[in-house]
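Quick notes on the structure that follows.
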Amino acid sequence: MHWWFPADASSIGGKVDALFYAILYITGAVFVLTEATLLIFIVKYRHRQGRKAAYVEGSKKAEIIWTAIPAVILVTLALVSLPVWAKIKYYSHFPRDASPLAIEAKQYQWNVTYPGPDGKISSGNDSDDDDFMKVDSLYLVVNQNYVVDLTSRDVVHSFFVPAFRIKQDLVPGMDIKLWMRPTKTGRFEIACAELCGLGHYRMRGLVFVQTPREHAEWLVGQGEASAADSVTAGLKPAPAAAAAPAARGATSRGKGAS
Amino acid sequence: MTARAEAVRAAGGEGTAPAAHAASGPPGGVGIYTQKLGMWVFLASEVMFFTALIGSYIILRWGAGNPWPDTRAVLNIPTTAVNTFILICSSVSMVKAYAAAVRDDQKHLKRWLLTTVVGGAIFVGVQVREYIKLVHHGFLPSSGLFGATFYTMTGFHGFHVTCGVISMAWVTIRAFRGKYKGGNYHGIETIGLYWHFVDLVWIILFTIVYLV
Amino acid sequence: MTASATAAPRGGAPHAGHDDRSFIRKYIASTDHKIIGIQFLFVSLFFLLVGGLLAMGIRWQLGFPGQPMPLGGWLPSGVAPGGVVAPKMYISLVTMHGTFMIFFAVMPLLVGVFANYLIPLKIGAPDMAFPRLNMWSFWVFVLSGLVMLSSLFVLGGPAAAGWTAYAPLSATPDYTGVHLGQQLWCVSIVLFGLSSLLGSVNYITTVVNMRAPGMTWFRLPLSVWALFITAILAILAVPVLAGAVIMLLFDQTIGTHFYLPAAGGQPMMWQHLFWFFGHPEVYILILPAFGIVSDVIANGSRKPIFGYASMVYAMISIAFLGFIVWGHHMFISGMNPTLASYFMVSTIVIAVPSAVKVFNWLATMWRGDLHFTTPMLCAIAFVSMFIIGGLSGIFMASTPVDMYIHGTYFIVAHIHYVLFGGSLFAVFAGIYFWFPKMFGKQLDERWGKVHFALTFIFYNLTFFPMHILGVAGEMRRIYDPTAYAYLRPLQPINVFITINAFLLFLSQFVFAGNVVRTLWKGRKAPLNPWRDNGLEWTTPSPPPHGNFATIPTVYHGPYEYSVPGAAEDYTPVNQPPAAVPEPAR
Amino acid sequence: MERAMTAAPAGPEAAEHKAPNYVAVWAALAVLTMVELAVVYMGLPRHVMILALVFLALWKAMLVALYFMHLRFEPKRLLYVVLAPLPLALILVIAVMHGFRK
C-alpha cells in the first residue's frame, strides 16, 4: 500500500519534497503546540463551582511576540521558496542544453511532438518537417534536460506528472514552456489536473524514461533515429540514417496529424 | 469648513446625544445622511463593476496586444462628441436642480429636472440610433474583440443611463407633486450623485473607446 | 431614497407593542431585518441540504466507482444509467455542489442571516438603514437560488465547468455539451451579486450611521466589525465577478470572444477576474465566522476578548491584503512566474493576521471560566479546525509546493477545513447562540451536544484523510480515480471517506430534528440565557418590530465579563457605570 | 419619516458652502471636450495623443466629481469611501497586464 508521495523521479522533485517536509515540520510543530494549548486550557480552565475568570484585556507584549514570530517564520519560508520557484519556472533559469519537445493537449489526449533527426521542432510551415508525433506517450532519456512547449487546442488542461512533481497548465492561445530532467528510468503516469470536460478523468498519458541506449533503440524502431542515435543504439551509422526516411511513413508526423 | 465639521460632530459624531439619534435621520458616524452614504457606497461598487468591463477592454487591447481596428473609421466621433456634450449639459441641469431644491425654489427645480430627463433621454436615443447604424454596417458584438468590448461597455453604460432616466422621470413626477418642498433636497442630491457618476463614466468611456 | 423613508419605525416604540401588519407584510414581504434574517436562515439551510445531497453523489462515485447509487434508479437514465453516476453527471455534481455551498449556503448563512439579524440589534438600531432594499436583497437571493435550482432540471443538465467556471470550458457549449445550464448559472450568479450588493450597501450604511449613542467604533462587538468589513469586501469584489460573468454569458449567447482564444480572447483574463473576486470571497466566507466565534468565545470563557483592538486591525489587514493575493490561485496557470513570486509573498504575509487571531482566541480562554455550552463547543471546534485549515494553507502559499498540490485533494481538504470546519462550525455556534433570540425558545442542549460531537468526529474522519490523498497526488474533479495506476492503492481511503461523509450527512438530521422539535414544543428561553453583554439581549425574545422600546445608550465595550468587584460576571453594554457619571466620548 | 429626516440637517449642511459656479464648470467641461477632439485630429504621435487624452479625461472626471458631486465640500471621510476602490482597480488591471508572459 502506497499512501504518500509517489517516488521522486526528477531533478526538482527533491527540492519540492524538501520544502514540503520543511513546511510539514514547522506547521506540525505549530499544530501540536496550539492544539495542545487548547486542550490544556479546556481541561484546566473548565468551569468549576466558585471559579471566576481573570479580567485580562490583552497584553501588548504577548501580541507583539506572536505577531513577530509567525511573520519571521513565514517570510523565511517565502525567501527559501523563491529561488526554487525561480529555478523551476523562470525562463531565464532554463537549462541551455535541453532537447526540445512539444505537447499539445486537446480533449482528452496529449499529443507529443518529437523532433526528428535534425533535433529541432519545426514551426508548422517548415517544408522539410521531420518531426513525429505520439499520442499520450512521452519517451525521455534519463538525466537529459528537456524544454517542453505546451499548448492547448481547446480548453485549459494541466500537465501533471506526479513522480516529477511537475504541474503546468496549458492554456489555449498561449505558448507556455516548461523544463524537466527525469532522474530515474521507468514508467510514470501523466495526469490532467485541470477540469477539462467530462472525459477529464481519462486524460491519462504515460512517461517512459529510458536509458540513452533504450531510447536510441526506440527511435530506430520508430524510424526516426539520427546518425548519432544509431551509434548509441549499437547500429551502424550509415544504413540506419538511410533507412530512416523509408520507415517514417509508419508514424504519424507533425503537429495536428491526429 | 471647520464650522461645519463642528456642527457635524455635535449632531452626529461618536457618542451622539440620544435625542439627536432617535429619528435615525440626522447624520450619524461620518456626518453624512443615510441615503447619500448609501448611494456613495453603491457607487463604490459601481466603480468596481466598470473596472471589470473597462479593465477587460484595456487588458484585451493593450495587455494581450491584440490587433485593433481604427476606431475612428468604425465609430462616428462628431455625433458622439455632441452626444457627450448633451450628457454633460444634463449633469449641469442636474446640479442646477439640486441648487434649486436646496434654496426651495420649486419653479426652477421642476424646470431643471425636466431638462435633465430630456437630456438623458436624448443621449439614450442618439446611442440607440448609433447602435442601429453600426449594426447595419455589420459591426456586431461578435465582430471581434472591438465589437465585444464596445457593445459591452457602452451597452452597460447606456443601461445605467436608461435606469437613471427612468428614476429621474419618477423624481420629476414627485417634484411636480411637491415632494421636495421645504428644503427637502436629499432625494434630489442622492439621485444626482448617481446621475453625475454615469456622466463621469461616460467621460472616461468616450475618451478610451472612441478617441484613443 | 423612499425605500428607506417608508418603513423604519422611528425609535421603535410606536410599533413595539401592537403590530397590525398583515401576514404577508409581516412574514413574507417583510422589511423587518429580523424576519429577513430568519428567512435567509431557512432558505440557506435548504440550500445547505441540496449542496450536501450533491456531495453524497460525489462521494458515492468516488468510494464505489461504477456501482449503482442507492435510490439512483429514480434518476433518468440519461443522467445516471442504471443508477450509476455518469461522467457528465459527476462533473455537474462537483460544479453544483461548489456553487450551492459557497453562494447559496455558507455565504447567506454567515452574511444573510447574521448580518441581517444581528447588526441592528447589536448596534442598537430599530432596523436597517434601507429596510425595503433589504427585503429586495432577500427576494433577489431567492430568485437567483431558484434559477440555479432550475438549472438542475433543464435539457443538457446543469453547469459542468466547475464552480470556478474556467473559460473556455464554460464559454461555449462545444466543450461540455451544456447549453442552457451554463447560461442559467451565469444569470443566477449575476442575480446573486445584485442581492449581495443590496445587502452590503445596507449593512455598511447601517453600521456607519445608525449606531446607538455611545456605540463608538471601538465598542462595536467583533461580530459587527467582521460583518461590516465583510460587507466592504463584498461591495468591492462581487461587482467584478458580476462583470466577468456577464462577459462569460455574452460569450455563450451573443457570440463575443472575451475568453475564447479563436478571435484573440483571453482565457487567463477570466481566471484573473474570477479570482480577484474569488479571494476576497474566501474572506467573505470566513470573516463573519471570526466575528461570531469571538463573541461566543468571550462569552463562554467569561472573559474579555484578548486584544480587542488587534483583533479589529487583524481583520482590517486581512480584508485589505485579501485583494492583492488572488494570484496564488493561479501559480501554475501560465501566469508570469515573476508575478507569481509577488503573489507568494503577499499570500505569506496574510497568514500573519490570521495567526494573531488564533493566538488571541487561545489567550481569551487562558485563565477563563469555560462553560461548555453547545455554541462554545462549536466555537472551540472552529478555532481548532481553523488552525488546521490555516496551516495547510501555508503549503499552498509556497509556490514550488503548490505546483505539486495544486488541483489535488490537498486543496479539497484545505477548503473544507476552512469552509466546513471553519465557517460552518461558526454558523452552528451562531445558530445555537442566537436561536433563543430569534425564536424565544432554546435549542435542546443535550441534542445540541450530540449533534456537535457527531459532526466533529465524522467531519474530521471525512476531510482529514483527503490531505493524504492530495499528497499522494490524487486530482480533484476526477470521475474515477482508479483510472490511474498510482491512485489505485488509495481506494480504501476513498471508501473510508465516503462512509464517513454519509455519516456526517446523517448527523445533520440530529440538528434538523432539534430545530423542528424546539420550534414545535420547546420551552421558553430565559431573557438572557447565556448571560451575555450584547444589546440584543436587552429586549424581549423575539424582539418586537422596531427592536427597542427606547434607543439604548451604550456605556462601555462589548466584552466586559468578570469585571473585578462586580457582582455578576457580565456587564451589559447599556448598564451605566456606577462611579463614572458621563459615558466616554 | 421623510419629514423627520429632512427638516433637521438641511440648514447647516447645505448652506455651509457657497454653491460653486456650475456654469463655469460646465464651460470648462465643454472646452476640455473640444480640446480632446482637437488632440485627436491634430495628428500627434500616438502615445503622446493617448497620454494627452487620458490626462484630459481624468481632468474632466475630477471636475465632475469635485464640483457636481461636490466631493470638494464633503468631509474627508467620505472621500476615503470614494477613493477606496480606485487603487484596487489599478492593482487589478496592472497585475493582469503583467501576468502575460512576453
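Every chain is named by a letter (A, B, C and D) in the order it is written, and numbering of its residues begins at 1.
Note that contacts are C-beta pairs under 8 Å (C-beta built on N, C-alpha and C of every residue); 3 or more make two chains touch, one makes a residue touch a chain.
Since this is a predicted model, take the numbers as computed values, not measurements.
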Contact-richer chain pair [A-C vs C-D]: A-C
Central chain of the complex, centres being mean CA coordinates: C
Computed distance of Cα centres, chain D from chain C, in Å: 36
Where chain B and chain D are represented by their mean Cα positions, the distance between them in whole Å: 12
Computed distance of Cα centres, chain D from chain A, in Å: 49
For chain C, residues contacting two or more additional chains: 2, 8, 10, 236, 240, 264-266, 268-269, 272-273, 334, 337-338
Residues of chain B whose C-beta touches two or more other chains: 23-24, 27, 30, 32-34, 37, 41, 44-45, 48, 51, 55, 59, 64, 186
Sequence positions of chain D contacting 2 or more other chains: 1-2, 4-5, 84-85, 88, 92, 96, 99-101
Contact footprint of chain C on chain A as seen in their complex: 1-6, 12, 15-16, 19-20, 23-24, 26-27, 30-31, 34-35, 37-38, 41-42, 45-47, 51-59, 62-63, 66-67, 70-71, 74-75, 77-78, 81-82, 84-86, 88-90, 107, 154-156, 158, 160, 162-163, 165-174, 176, 189, 191-202, 204
Chain C partner contacts - residues on chain B that touch it in the complex: 12, 14-18, 21-24, 27-30, 32-35, 37-38, 41-42, 44-46, 48-53, 55-56, 59-60, 64, 66-67, 140-142, 144-145, 147-149, 151-152, 156, 186-187, 190-191
Residue numbers on chain C that touch chain B, as the complex places them: 1-2, 4, 8, 10-11, 125-126, 129-130, 197, 200-202, 204-205, 207-214, 216-217, 235-244, 246-247, 250, 254-258, 263-266, 269, 272-273, 551, 553, 583-585
Residues on chain C engaged by chain D in the complex (per definition of touch): 2, 5-6, 8, 10, 232, 236, 240, 268-269, 272-273, 276, 323-324, 327, 330, 334-339
Touch list for chain D against partner chain B, complex: 1-17, 19, 22-23, 25-26, 29-30, 33, 36-37, 39-40, 49-50, 53-54, 56-57, 60-61, 64-65, 67-69, 73-75, 77-78, 81-82, 84-86, 88-89, 92-93, 96-97, 99-100
